[in-house]
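Going in written order, the chains are labelled A, B, C and D, and every chain counts its residues from 1.
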């Protein structure tokens, strides 16, 4: 069979041969971790460091003797920033590669594309990226910050440093849409006023008319959950118009893909963000992590928050397997639901049994000279937004993404 | 009042950027009746040339206005010799080959420059109009595109090369009748078109983040502008850019940039349905 | 002639069934199903471009429309039979309207390309900006950039509980392609098909013979769209998600490349092109050595330069040399005629 | 007198400021053979294009068998039973002779009848040897002949030919004359022509165009003898 396939496409065999080999040909006893990440395409700034992080994590697990005395093997696919490829590769992971768990997905769109496929195939799924919250699915675990952990503290902090009138610019897909609604809620909760909301498809790169429109409303603060490479031009055009000296900016996404290192200090300085991780965190665990990263990749340039949360996600799962003594889906879920917790570069992360989301630290930060300076740290924030709508202990068959309603 | 000025500047900027985006394509299409679908990637190449040059310490204006057009013009010359000269007279094949080239260039950009958004910062500070801040770079783009149009006009009107070019635009055999080999005219035209694309990409680079796939956003707009402009090069370019720029900005301000883009596209369909051979086939006939 | 058609149909059916049974030994059926959906899509453009001379830069629009219709109708109806029919009819109706607008407007080749490209872009832009909660059709959220996941996949007609997927889906897909292929063969053998080829060869002459080329081109365009829509439905049930990228220019470009590589003016060529390139793309997606766009682009340039008639005619010629069969020479792809001078 | 099959009423065609056809009124009767002649730019070809629907006249009307066809599409006019051949040879290059002629016949009869009709036309035009050859491979004269075949296969009652003899050998021209005379057994034939030799051999009624207007209309022999015609047209040729 392998031979046939090779002769069918001899030219690509060298590159793809290994992937075509039937499962039996590989190490019998390896535990197989499947991942789907955008390592190329417009979201590769997010995906490539995540890919580096997962390799580091797997290497660490194997160096420590593997899991249950078995080595861990990574089966990774590059989804090329194409949402259609996610289901394609997810199906391949469960049908052909027979992986024990799937980690991955970056944009919320990609998560929703594969979550159902994995649920149907009874394959455990970890989504390790900050997102808009509200997904209630016993087959899946989430360790990224959600609006109640991030926006709830970012909004009052940013408003206290600017003023009550806020303009929102969001990416036009489920993340941006839902996050914008959360932002509006928190603005209202803090006696502020939302003076405008605009949504931008991910390929919009010309914000000239938008910048003029914002000025007609003269807000005190602009919050911009913009996503991807094209949206980066907003920050650049904003600075080019001289706006960064006039109206402060906050964002729930800026910097996740190391955007603050692409922008010049003049363009980026003063932007307010809130994340679970900053390279500037001076903790022994973070310093050790950065050392291991440097040993593997030379420098720390690529590290960003979702790379770290992806790394943490893998360790969370590994801890779950150790606790369960098995890679069996139900056994691992039960073990994880026992309030499992790990400590890593971004602090302590504990699984909330009710929602399968994580309780974690959040840091309020300001961009300064291409770095994220921590202004204030808030420890162990639970995912209260999802807790309000989702209870997997009572309703284990739930399979919805709840959206905030006004 | 201040807002009116701001909007006027944005509208002029939109028109100017359409002129810039389309000029290279228009020259090649006008002279050779070839649609170069790699035009967008030529622009991106211009952008990368600028960023690389600035990274090497070159003054940004030198990089944008001199280095980028030279690099892309040279590149155009090479691919014309390697690929397109074998395909003249086979219009659809030329289009397809240029499409292939565009895909190759995207792939090459990814392999060379990576897929991360890069860019340079605008060299001109923003300034205030009453209570509003405007991106000062907008004016630079408006100036560049006006100069560009005037330059094309001057070359077509005032030089011997322009005369030959006008002849070739009317009829392909006219140029050879004037004693010029069409082969050389095509080669030169293609290189000049490529250089103009490179210039456009370079000048827009500080405004728009550059990714390998950024060309796709340009080619569609350029394509539409050139076709809707019709047979006259300068008049067509200016009139089509003005119509679309106006429609685009009107809806961008009124609703959102996305609706502005869609309105531009709808306007193109309506316009081509009403004037199937472009604006200058009905108005401004016989102008350059 | 009728007799000949019957024999040809028999040959196609036998060859198709054999191929459908042999291929799973070489390639996984999951991948094969995708290749079939792409093959069907390639056939749709191969029909209107290769035989009708209509170069549509937006065939992906009909593909996407079919896929979205299937998904949206499926969510609203809870089964898949009516959605499949709608996935064929909606793109066809859309093409009928668009085609009538273009062909009755006497638009030339380049202008046709622009309009189809622009319409595709409009659809793409629009569908891409429907992420908000207000964009619903019945009970289906359009979802914007996210697309629509979780719609009912193909089921046995009348039995929404009996899903068709995996191996079975492959067999259904293969049968669909075979049936469409036979129908296309019959269409091309019919007077309508032969006159369509005449229109490709010389539009003005055919119109001077008394045939309404505008109506005929519009109908052919709609038939192509119907096939593309069916391919869209097949793709949707396979991928279990539909996203705006189905409408993208990239997708349209790929369809055109499939036709060029496979060979225009043949029925089998575009399917062959789609199979080879779809498989290549799928394989290239799993390595990081060479960028797959680069490879696709290189393939296109090389084919235009050195093999402009595509693979199928060359393979046929090779076969003839081996078998010593004498057949009509394959035709070269025609460059479009100079546009009629306007007054 | 035979029925009128073609009539124009003050047909006028302007391009910008130029009047290419100026109030031309023509009448052609059934089975008549009529030549339209005149120097270059006299308006005969423009008039021809107005007749077959390729141009819509600015003013005036065209009637075919009493039906007002002004502004009709070419295919609608052809569908009435009008056979048209343009000046530049226009055939379906990629298709064989038989396929070309079959298509012409297919408009008014079913597939099988069209095939028989094509066989018959090929026989009449003595094209049997090349019936399966693609038009793109044929010589100019043969292509012209096939184009006549396209006209014949449609069983027309009116035939419009634009310079049918252009670029043919003397032998071919002679054969062309025979075919045209044969056509007049069942149809009126209107020919736009330059070649005086050919027109003389056809011995028909001639309409002379000059500066968009009809200068004279009479039998070819009398037209040739007319001093005015000689002056504006033949004089320059000689």
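In this section, a contact is a pair of C-beta atoms (placed from the backbone, for glycine too) under 8 Å apart; a residue touches a chain by one contact, two chains touch by 3 or more.
Since this is a predicted model, take the numbers as computed values, not measurements.
Path length between chain B and chain D in the touching-chain graph (shortest route): 2. Using the average of C-alpha coordinates as each chain's centre, A ends up farthest from chain D. Core chain by CA centroid proximity to the global CA centroid: C. In terms of C-beta pairs in contact, the better-connected of the chain pairs A-B and C-D is A-B. In whole angstrom, the spacing between the mean C-alpha positions of chain A and chain B is 38. Each chain gets one centre point, the mean of its Cα atoms, and the points for chain C and chain D are 42 Å apart.
Centre to centre, using the average C-alpha position, chain B and chain C are separated by 32 Å.
Separation between the centroids of chain A and chain D, computed from CA atoms only, is 75 Å. The multi-chain contact residues of chain D, meaning those touching 2 or more other chains, do not exist; every residue touches at most one other chain.
Listed for chain B are residues 110, 258, each touching two or more other chains. Shared interface positions of chain A, defined as residues touching 2 or more other chains, are 40, 172, 199, 201, 203. Chain pairs recorded as touching, per the definition above, are A-B, A-C, B-C, C-D. Chain C meets chain D in the complex at residues 1, 191, 194-195, 197-198, 200-202, 204-213, 328-329, 331, 334, 343. Listed in rising order, the residues of chain D touching chain C in the complex are 15, 52, 55, 73-76, 78-80, 84, 86, 90-96, 99-100, 102-104, 106-108, 111, 114-115, 134, 150, 154. Of all the residues in chain B, the ones that touch chain A in their complex are 3, 6-7, 10, 13-14, 110, 114-119, 121-122, 124-128, 131-138, 206-209, 211, 213-214, 217, 249, 252-253, 256-258, 260. The part of chain C that touches chain B in the complex is made up of residues 55, 101, 105-111, 113-115, 117-119, 121-122, 125-126, 129, 249-250, 253, 256-257, 260, 290-301, 304-305, 308, 333, 335-336, 342. Within the complex formed with chain A, the residues of chain C that make contact are 25-28, 30, 34, 125, 128-129, 131-133, 143-147, 149-150, 239-241, 243, 245-246, 279-280, 283-291.
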